[in-house]
Amino acid sequence: MKLRVRSDLVYQFGPETDAIFQIQAAHWPGQSMLDERIVTTPPVVFKEDVSPFGYRTLRARLTGEVALTYEATVDNGTLIGLPPGASQHDWTDLPAEALTFLWPSRYCPSDQFGRFVERQFGASRGGERVLAILDWISEHIDYTHGVSNAGTTAVHTFIDRAGVCRDFTHLGVTLCRASGIPARAVSAYSFGLNPPDFHAVFEVFLSDGWWLVDPTRLAKIQGLVRIACGRDAADIAFLSTGGACQMVRQKVTVAEV
Amino acid sequence: MKLRVRSDLVYQFGPETDAIFQIQAAHWPGQSMLDERIVTTPPVVFKEDVSPFGYRTLRARLTGEVALTYEATVDNGTLIGLPPGASQHDWTDLPAEALTFLWPSRYCPSDQFGRFVERQFGASRGGERVLAILDWISEHIDYTHGVSNAGTTAVHTFIDRAGVCRDFTHLGVTLCRASGIPARAVSAYSFGLNPPDFHAVFEVFLSDGWWLVDPTRLAKIQGLVRIACGRDAADIAFLSTGGACQMVRQKVTVAEV
Amino acid sequence: MKLRVRSDLVYQFGPETDAIFQIQAAHWPGQSMLDERIVTTPPVVFKEDVSPFGYRTLRARLTGEVALTYEATVDNGTLIGLPPGASQHDWTDLPAEALTFLWPSRYCPSDQFGRFVERQFGASRGGERVLAILDWISEHIDYTHGVSNAGTTAVHTFIDRAGVCRDFTHLGVTLCRASGIPARAVSAYSFGLNPPDFHAVFEVFLSDGWWLVDPTRLAKIQGLVRIACGRDAADIAFLSTGGACQMVRQKVTVAEV
Amino acid sequence: MKLRVRSDLVYQFGPETDAIFQIQAAHWPGQSMLDERIVTTPPVVFKEDVSPFGYRTLRARLTGEVALTYEATVDNGTLIGLPPGASQHDWTDLPAEALTFLWPSRYCPSDQFGRFVERQFGASRGGERVLAILDWISEHIDYTHGVSNAGTTAVHTFIDRAGVCRDFTHLGVTLCRASGIPARAVSAYSFGLNPPDFHAVFEVFLSDGWWLVDPTRLAKIQGLVRIACGRDAADIAFLSTGGACQMVRQKVTVAEV
């Protein structure tokens, strides 16, 4: 699918504030960049990197109001939904780089949910287990703005039964890891999301590959343009700063080309 | 320093339990392995890996009682304590692989300590800041067994004012990250620790390099044989399992050669 | 029902440690004491009180090992299980002394479960709601020793899906308060509990009265000898101390007379 | 001191919502009501009560927008600040009704702070201890709006080092209880608070009486008109509701007569 993605971000920074943006479409097998540009006002020279996980960071020290526009045309290739028959690996058969996504992280304390997943999803494994987790989340969690914040963990969402895409993803990742399945959070541009915004989904490692799933069921996998992936929101924030920073405006659009 | 390290571990596993050991001395610049062996009863064929962070994992599916002995002679080179004058990097000047160690993790919720570090250590930066954090920990936290467990985070230790090496390390890592300094947990064999045991310390990225520090002040940096490093205890556990597992015996020894 | 209850408690106290025991059968409408005695070694002169809630406290400053035996023959009258038709009061119709049991407490953070109870038990009210809560607990929580401790709250039990009578009671109280129903924890001697121990149950205010329920379903309401009641375990601990104290032995027996 | 207190509250309630107001000056030894009135639009017939702790509640079921004005002229008598020499009671010498204020509550988990208070305030007891706690709070906690909410506990405030009067009070109560001193939260009208608002302070039981202290140091004890007291904010909220409710306007004034 060919998609035109764009984000317009305006932020007010304190003096000389370290800032890291993760808003560029990832360099990723199957996802190709047809064109791409970044414009900032005032002009900023970013330090660009590609992480070991294929995602890209833009770093700079910023002061005062900075407006950043990112635009790209991306062919996201052919993304396939998780097949129920996808098989769960013994840990010895996992690629070494997947192991870290078995462990609990800041917003995904999977170590606390071992008994819950066993009781709730006992018999199932692999794709069947992940789909059962997604069904459970759909049935028990409401998509609701204003009930969570930057500090909200999967524990809170599990109790409060409501949240936004970030919270759904943290809970999904948590329950998969608690099931012995590597899972990592993915930030994305998402076609068809209403209102348009940065989206958070996750992927699981089964049958020798990573499979994207959207626990909110708000968008189609086929319309996702991958930005970054990592342990949880701590890794994939579209903006991390080392000091005071206030959002002035933020707008995301995604259109089919 | 040339050191002979040894761990004797006996565990009782449930049927076909995924197990990952991280007990081998790391392949790490400046640390050289003079000889090394692993013996298990009954015999186990491990899958061996070296992680992107240079540490090594042994994976197998185990059943019933398994005894594992690891022995190595290691020259750990010359480890230098953190100089107070080590300078703190702007985030743009950090190597990309250090960025992940700025973010909060499962046991190190550094996002909650921003105001504390600013109030407590306000003026200082870099090596001076890290040494101030280590002083604060020494003065305010008691080394005490039995007050923490596998779920204990830096929040708990900060309030309870007591813990073991794992807890000291989590608190140190947390306060450094909250100060904008990359910090990661390191597991190690440690010469002179009494009683001998696996040790947890951490390292910070300053003046273009990682520097080891021991927040417990129980052992000398010079006597550390590095095993693994990562975000926190979730990454560097010497044994992670995918199911039931009970410790039968565990003994660690470290001697100068 | 006429019951003979007895507790044998041996504790080791630090020097001059404030201690409060709540182990005596309560003075309570319908519950009558036929005989009763307390013996301590060494002899202790307790300060005795009856609380506004009808329960009794024994206070002393203790040093070293103290053995206390409490024995009583109690007629606990006729305790009736909660009728499904019991009606829920508007808050304006509650007796003033019931209001405090609507609010969250240390181990019962009911303020966090508003959305859960509405989603899970939506339509039901009153006795029907409480019985639905008890059914949910029975189905989702395992009675398991060793997974909780003195600091465990209903949040932990809700996630971990296991606990002992104290945890079941905290979760039941929490879900009832979140439903707008006054609920309070009750400590009791319990006939038929195996192994015999102090028991924790709770009661709800419906249809102009308090009704006892046992969320563990381990004992019959008819066999309960009431000791104390309060917000949660913080109020009804059978022993609270102002300093170091170690259990040496503890034995509870309850027999039909 | 003779004070004229007034609160103007406008709230939007959902259909038939249980509401409890605690905004009236308390009937309390030394505090006398010279005149008092409540006006509501539309007219509401409240159920009035005086609690065992001497505070007053107004209960009704409300629908839609309700405006309530409370006005009173109160002589608050002579309130004396805590003398440093006030002595701490052994628990056996406390009045029975003070015991409940030794235990942890929803927002004051004093059970977690035993080691901290011992380490930090070790030698001191009684009035000297409480004053040391107040000094510590003054030195380490910033009075800051917007960093806490209705769910914030003393643990959060202790870590985040900032909060409002409610948070200061919860932390003060927590540290006193952890020191074996009964402490309870008190809501009040407060002369000289800028901007005027409901105030939260606390009181400790020492030398056979309760002594008011203001951990924020924003107002003088002498200018407090007592409303309610209890375990923590859960007990003394000026408005508790059993359903949806939104603040439209709220204004408090206190003037010397």
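Which chain is which? They are A, B, C and D, in the order written, and residues in each are numbered from 1.
We take it that contacts are C-beta pairs under 8 Å (C-beta built on N, C-alpha and C of every residue); 3 or more make two chains touch, one makes a residue touch a chain.
Worth saying up front: this structure is predicted, and the values here are computed from it rather than measured.
Student: Counting one step for each move to a touching chain, how far apart are subunit A and subunit D?
Tutor: Graph distance in the chain contact network comes out at 2.
Student: Looking only at residue numbers at the subunit B/subunit D interface, is the share used by both copies over half or under half? Answer same or different.
Tutor: Same; most numbers are used by both subunit B and subunit D.
Student: I'd like the Å distance between the centres of subunit A and subunit B, where a centre is the mean of that chain's Cα atoms.
Tutor: 28
Student: Please tell me the distance, in whole Å, between the geometric centres of subunit A and subunit C computed from their C-alpha atoms.
Tutor: Here the centre of subunit C sits 45 Å away from the centre of subunit A.
Student: Could you tell me which residues belong to subunit A and also touch two or more other chains?
Tutor: Subunit A, residues with two or more chain partners: 112.
Student: Which chains touch which?
Tutor: Per the contact definition above, the touching pairs are A-B, A-C, B-D, C-D.
Student: Flag every residue of subunit D that touches subunit C in the complex, lowest number first.
Tutor: 18-20, 47, 49-52, 57, 59-61, 90-92, 96-97, 99-100, 102-106, 108-109, 111-112, 150-151, 180, 230-231, 234-235, 240, 242
Student: Flag every residue of subunit D that touches subunit B in the complex, lowest number first.
Tutor: Residues 112-113, 115-116, 119, 140, 142, 155, 158-162.
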